[in-house]
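Quick one: structure below, then a few questions.
All chains are identified by letter, namely A, B, C and D, in their written order; residue positions are counted from 1 within each chain.
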Amino acid sequence: MTQELWGVFLNAALVNNFVLAYFLGICPFLGVSAKLDSAGRMGLAVTFVMLVASLCAFGINRLLGMIGAEYLSLISYIVVIASSVQLVEMFVRKTSPALFKQLGIFLPLITTNCAILAVALFQTQREYGLLEGLVFAFGAGMGFTLALVLMAGIRERLRLVDVPDVAQGMAITLVLAGILSLAFMGFAGMGASA
Amino acid sequence: MFGLRPAFPGGVRLPAVERHDSDALIRQMAFASLLRLPLRQHAGAASVAVVQPGDEVMRGQLLARAEADTAVPLHAPATGRVVRISAQPDGDGAAVGVIELAPAAGDTQEEITGRPLDPARCSPDELLRAIGDAGLVGLGGEAGSTHERLVRARAGGARVVVINGIEGEPGQARVPALLLRHGPDVIQGLRMVLRVLQTERSLLAVESHDGEAAGKLVQTVGADCGLTLRVLPPRYPQGAAGLLLRSLASNGADLNRAEAVVFSLATIAEIGRLLSRGWVMTDQLLTLSGDGLDKPGNYRVPLGTPIAFALAEAGARGDVERVLLGGPMRGKAVAGLERPIVKATTGLVAVAAGSAAGVPEPMACIRCGDCVTACPVQLHPAELGLLARRGENEAMFTDWYLDRCIECGCCSYVCPSHIPLVQMFRAARLQQRRLQRLAGEEVPA
Amino acid sequence: MMPSSHLLSLRGAPHLHADSAVPRLMLHSVIALLPVSVFAVFLFGLAALATVAVAILACLLAERVCGPRSALGDGSAILTGLLLGLSLPPALPLWMVAFGAFVAVAVGKHLFGGLGGPAFHPVLVGRVFLQAAFPSAMAQAWVAPLAAGRATELPATSLALPFLTPDAPYDGISGATPLSALKAGEAGEPLLSLWLGTVSGSVGETSALLLLLGGLYLVYRRVIDWRIPAALLGSVALFSAVLHAIDPERFPAMMTALGSGALMLGAWFLATDPGISPTTRRGAWLYGLAIGLLVVVIRQFSGQAEGVMYALLLGSALTPHIDRWTRPKPLSEGVEE
Amino acid sequence: MADAGMISEREDGVERLRLGFWRENPILVQALGMCPVLAVSNTGVNALTMSLATTFVLLSSAIVISTIRGIIPRQVRLACFVLVIATFVTLTDMAVEAFALELHQALGAFLPLIVVNCMILSRIEIMASRQPISVAALDAIGMGAGFMLGLVTLGSLRELLGRGTLFGAQVMPDRFEPWQVMQLPGGGFFTLAALVIGFTLLDRSLKRWREVPA
């Protein structure tokens, strides 16, 4: 059991990294990876929302399964995830203003992040249980954070380098993502259930 | 890992120094036909002239009075006539008053001498005043008023006098000359400083190539005034005071950095030499070096001597391509050879054409980090260099501490891409200072 | 005779310079790689020579096309070509070699602003691109060591027309590199031939010993920071020894793990590239340690037989962060005066 | 040619068509909406399906939103947009599943992910919720076409080099050695980067060419 969970985690975090293997969350990846501080915070916020999303999706699937209305799943995910994130945001703002300041700006942005919805969809498609789903979401979030932080480090460095002007901005970032993606292929085959 | 532990972070190991007997030689330089004496010759305020054009003055006579705390008085280096007083640009482009003095022909140099002082019989205040009146400045390169320095040290509770016997620049040989020829003056000067500061602890620091000479001095005359000797492994820029203290601490000296005050060996020797004879500062001990000279070595050069004259006296050849005030690591290349030797001058280097093969074109930074390892202040010259290239001067100060740069040149020295790092930093700091000055002027308006 | 003022040169201080220059660093690296290159030609004959020559020529050409003209002289393109050639299988179609070299220089180097800019080692970019683009060729284009006739003829696959699959099948010695044989559960090579390099493998990745000697030469010449290979090899040794102690059946012994030419080439010649490695000494230790750990993890727990290339790429992605953590703190107290 | 960067009131729908296709191309210029679609850009067919589906969702949502734009309260407008979009995505998903099961399996979970395509949401927010139906619809078509231009080029290139085929038909010589990296995510990133660079260069030279006679 533990081994299987490890497999799920490694698969989501490294082998099939959301950003580098599935192109999920590219928008924040391109947008927020220019600065290291915000990259780290964004990653943590995404991980957190992914956990919430996984939990919600599990509940929704159970509920819709009971009433036989699976075709409503997509709409329900969107609505439920968005509103629970809203609730959590309000809760965090009340209880921990410091944490809210750290994550606050990113939370609303994240809700329409495809990586979040993908956690819900993938977990449904692969028929993960509650625990597996949470581990999967955590792995995906960590993988996203890792990719974002590695990228931010390199991009901060590239700021002082003479990148040809046609390649500046999006193109060089995509090339970097491509190289990172190839580098992550080293992890292929890791975790039994890949 | 192998070898001596660096006494402070970074620095560079320059080619080893070998001492010869000739290094202890000091030659007296003759007077040039015209001496040019700026009213500001050191790091501090200018002094105010008290003579008029046409005045006949005697050697040692007061030419300009110190009015500000940071100013020092200026005395005539030779007996002669004041020809002219005019405003002229100094090395940095600012205008400063210059007294031009024509020494009298012949050897009839009359001299004003004051009362010789004995540290054992004078009060600290009397000695302090005499040091101020002699027009002394720090001779190790920092060139601030010695009087002011002592006043501050006394107020700050300095308990240990550290004599900095480390050559500031490669190629200089003032230290062996001072140790071997001016030993008694060094001891007299030390006694005076100890008396002013009312303390008894002192320490002489030299690099290993001068260890022998320093040992002799301490053994013969230094023992009775409690002078202890520390011999340090050579490493540039160990002569910088803060780094020297670090070096001493990590080489086992029992030293509280807050209580230590550092004076260069040249300053201490000059205090002793002048005050015990009742003299004032009228000349400067300099090493003239470089492959453009036939007679390199230590010279006692009258203040105001034009560089061209000094070089000629030292046998300058026609192919001198570059002349440096100071030394090869930090020295400024001079544009005009009519500029005079002043109190702040620490050395003179004449580089012959072709000896330093053409400066290679700078290449891109390869981020090898050699400069980071070499920086004695632990800055990040590579990052700073990249920022400077982008013109991001602000970040250089706010994020990367350029204000702490001591401009020792180690980064440029080691850079395999030949990037003029310290040169860029100097420019950035100059600009920063200008901006600050501008901002400062605008505030009252 | 005094010089006249207007002829004086007015450079800023310092007026001295240490005896180090980028082209010299490149030259020493090439010298350090000569023994293993010569040995490769001895071992694989014309195939090795052609691979390395094509890699170097293609790199020079790409440098000429993409870079400023002055950059040809710094020797970095030659070094890139040599390193890339040495890291490829000897019977790889030569057009793939040239393609990889072009990717290395154009994408890996000049897209990142040329010398000093790249965040990843150009050689690794070229190599990993080839690995991903042509996995079957990269996994099969091996030549048996000391084969007869190696001095006079090229493997048929080398001469495949550009962008086409070669007519002849790859020799595809079973298992090919010693590590992949081990991974596949076959009997490993004897330790001695592993270190001497009389085994099959990439052009210049056979003899761990010669690469080690080359690396030591670079350390002696102060071209590279010895801390990086020391930390890297040390951590590979440590982690593989630990794993071997836990399960000797599954994990190879320490000396076998260290005896890989790819590891030696990576540790001494690629990881030490100044542009991709941390600037501080403390950083160098961390960097080597991290790469070593990644090498062992990828080798033993993923589907790959050799993890050096991936570990190096990931390691250089860590470099900015290591630099950040180990950034020196400027001295503050009274340095001036 | 009018100054294209500005959105002014005079601008008509035809102008919007051109803008979406080229100057404000969602993929190559704005880098929008790439997340859920890049993953299926490995072949021309997948890319075409995905961009058709996306365009359909964008167009229908734009029409609906533009129609009801008067009655949507400002505070909950985003939720309403998402609901409308999600409805059309669910419809599309079901339609593809019904008519092309194989394709549906190839696209996997990425079809439903059109919901969170930021290009759709941004067009709805910027255009459909403020403009009359005709302008909104033309804008949607323009953007959809631009989206298709980027995505299909990307998919075709990746298929051509990675498999030697184009929309399933063999076009490269028989012995062509496929660049398998093109089928991998890494190749996707590289190809997109190359497209962006190519687009920028092309756009620049076009501009220069246009300026010369003037």
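We take it that a residue touches a chain if its C-beta (ideal position, glycine included) is under 8 Å from a C-beta of that chain, and two chains touch if they have at least 3 such contacts.
This structure is a prediction, so every number in the text was calculated from the model and none was measured.
Comparing each chain's Cα centroid with the centroid of every protein Cα atom identifies chain C as the most central. Centre to centre, using the average C-alpha position, chain A and chain B are separated by 61 Å.
Between the Cα centres of chain C and chain D there is a gap of 41 Å. Note: centroid distance chain B to chain D, computed from Cα atoms, is 70 Å. Chain centres here are Cα averages; for chain A and chain D they lie 23 Å apart.
Shown for chain A are the residues in touch with two or more other chains, namely 161, 167, 172, 175, 179, 182, 185. Multi-chain contact residues, meaning those touching two or more other chains, occur in chain C at positions 107, 113-114, 116-117, 129, 132.
Shown for chain D are the residues that touch two or more other chains, namely 181, 184, 186-187, 190.
Pairwise, the chains that touch each other are A-B, A-C, A-D, B-C, C-D.
Residue ranges on chain C touching chain D, taken from their complex, read 93, 107, 129, 132-135, 137, 160-161, 163-165.
Contact residues on chain D toward chain A in their complex (touch as defined above): 31-32, 34-39, 79, 82-83, 86-87, 89-90, 93-94, 108-109, 112-113, 115-118, 121, 181, 184-190, 192-193, 196-197, 200-201. Chain D contributes residues 173, 175-177, 179-182, 184, 186-187, 190 to its touches with chain C in the complex.
Chain A contributes residues 20-27, 30, 71-72, 74-75, 78-79, 82, 112-118, 121-122, 125, 166-167, 170-172, 174-175, 177-179, 181-182, 185 to its touches with chain D in the complex.
Residues 9, 12, 14, 142, 170, 240-243, 245-246, 257, 262, 308, 311-312, 316-324, 326, 328-338, 349, 351, 356, 359-361, 363-370, 372-373, 375-380, 382, 401, 404, 406, 409, 412-414, 416-418, 420, 422-423, 426 of chain B touch chain C in their complex.
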